[in-house]
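Pasting the structures in now, so scroll down.
Two complexes come next, and they have one chain in common, chain A, joined by chain B in the first and chain C in the second.
The block that comes next holds the complex of A and B.
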């Protein structure tokens, strides 16, 4: 049971951050990541439209498979934080919310960070490492 | 508990969780920002008001995420706003409380606009605006017209920026300012447009 990958998609579907959360996460090239990010963004929008319950339009929150779970948290400002993990991993929603806080503290408060742009911040990476440490990843 | 009561409690709860800065230092820093702007823009008051609004906008588009993020991890529920009254309450009771430690009152509510009344303004402690210069013959001179200065105009920008992130295009104006001798600080917020989300019209089913 371990977290595998984290990626963050901005509100127009651009990938703004991706990283592996453990060393046995599969290697994925940057171009593939960009494709995954925008594909997920579209699927999320389609899922929201296709939902029979009109009162809530949340899109994809969780995909479960035999070898993988994918958990998505969309903020009200439209940014999507997505984590993939091995089945049985717990607290993913909590981790996503903690990462949202790290994003507001480390990326948004950096005056040189431009909204919607890729996050290249050491502080943010450290904060995510810290969260991973607290939620017991090896 | 009434709805507005629970929003007030949510604001207080969040205020208790965020790190604090010294209020005097805060007011003095803002004051030095203003004097710097006055120097940079050569006492061109309308331009200074404009720049304050722009600064506020950049703050607003970023700080709204902090409000949502911190409320999520602290278990504070912020209801989805269905009507403007709720939006106004959240701005007044949660936004102002969490970031400034004061709360303000909502008034003059209509379908498209509301006013925020700020009885305490943490930005303007210690502040006295200079008097307009009067020429020797008693006529008004060429000095800047300080009655035009919107000292706390940064609020307007913050509200505009923050609400734009949640698909509300608004216009804000500082209509009453205690520094200018008004009874209360009043910020008027007017909704211009609700930006539609989701697929564009071209993709909608017939």
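The block that comes next holds the complex of A and C.
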């Protein structure tokens, strides 16, 4: 039971950040992650359209499989934080919300960060490390 | 809001105790930097622009604090004006004193103010010193207003082992500190030397 990978997709489907959260995480190249990011973005949008109930939070929140769970948290501005984890991992939604907080602190408040652009911030990486440390997964 | 609580109706002599949230400040300052960034063609120009926006703050805060100071005194010595900056000015702007004030060993005309957690670079990952240029502008403004012509620059230095200071709550701890280097002009040093006699 471990968190595997984190990726962040901006509102137009571009991957702006991805990283492994543990050494169990499968090694996938950045190009593949870019593809996964934009594919997930489209699926998320289609799922929202296909939903029979027009709920406030549409799109994909959770995909469960035998070997993997994928959890997504979409913010008001359309940025999606997605974590993949091994089945049975708990508190993923909490972790996602904490990562959202770290994103607002370390990226949005950084005068040198451009909106919708890749996050290359040491502060953000460290903040995510801290969160991972707190939720017991190194 | 009633009329009597308007900011303009408040007595200027009373120090203000109300505070702004760090987040609100963070976004506002970020906008200021971005405003200048779109108008600056280089990093050094951005630094200059930020310093010049801080300059006015420094100039005015000197006036305000001197006015609020009961004995209405004016600092005339290098050491006392620097202490005034690193304690009174820092406290009124940031709610705490600067972490330390030192005299340079190599250069007699240089002094340094250290801050482990300057609010201008709390949320910054790269170019911390550029972001801190605003504070160096404030220092420059206070010094110029008090009659001490000086060149002030902001730098970022890695902190040594065991020197760790806690940063903002909820943020990763900082691995660097800001150094504000103050280089006085010759005239100021001559004047100060004369006062020594």
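Going forward, the second predicted complex is superposed on the first by the 134 of 138 C-alpha atoms of A that agree within 3 Å, B and C clash if a C-alpha of one lies under 4 Å from a C-alpha of the other, contacts with A are read in each partner's own complex, and residues count from 1 in each chain.
Operating definition for what follows: a contact is a pair of C-beta atoms (placed from the backbone, for glycine too) under 8 Å apart; a residue touches a chain by one contact, two chains touch by 3 or more.
Note that this is a predicted model, so its numbers are computed, not measured.
Colleague: Between chain B (first) and chain C (second), which, if any, makes contact with A:48: first, second, both or neither?
Modeller: first
Colleague: In the superposed arrangement, does A:100 touch chain B (first), chain C (second), both or neither?
Modeller: So A:100 only meets chain B here.
Colleague: Once chain A of both complexes is superposed, is A:108 in touch with chain B (first), chain C (second), both, or neither?
Modeller: A:108 contacts both chain B and chain C.
Colleague: Between chain B (first) and chain C (second), which does A:35 come into contact with in this model arrangement: first, second, both, or neither?
Modeller: neither
Colleague: Quick one: is A:90 in contact with chain B, with chain C, with both, or with neither? Answer first, second, both or neither.
Modeller: Neither partner.
Colleague: Quick check for you: in the superposed arrangement, does A:77 touch first (chain B), second (chain C), both or neither?
Modeller: first
Colleague: On chain A, which stretch or stretches are contacted by chain B in one complex as well as by chain C in the other?
Modeller: Comparing the two interfaces on chain A, one with chain B and one with chain C, the shared residues are 101, 104-105, 108-109.
Colleague: Quick check: in the complex, which residue numbers of chain C touch chain A?
Modeller: The contact residues of chain C facing chain A are 23, 26-27, 29-34, 37, 122-127, 131, 170-172.
Colleague: Which positions of chain A touch chain B when the two form their complex?
Modeller: 45, 48-49, 57, 75-79, 97-98, 100-101, 103-105, 108-109, 115
Colleague: Touching chain A in the complex: which residues of chain B?
Modeller: 61-66, 68-70, 72-73, 80, 165-166, 197-199
Colleague: In the complex formed with chain C, which residues of chain A make contact?
Modeller: Those residues of chain A that touch chain C are 101, 104-106, 108-112, 120-124, 126-127, 129-130.
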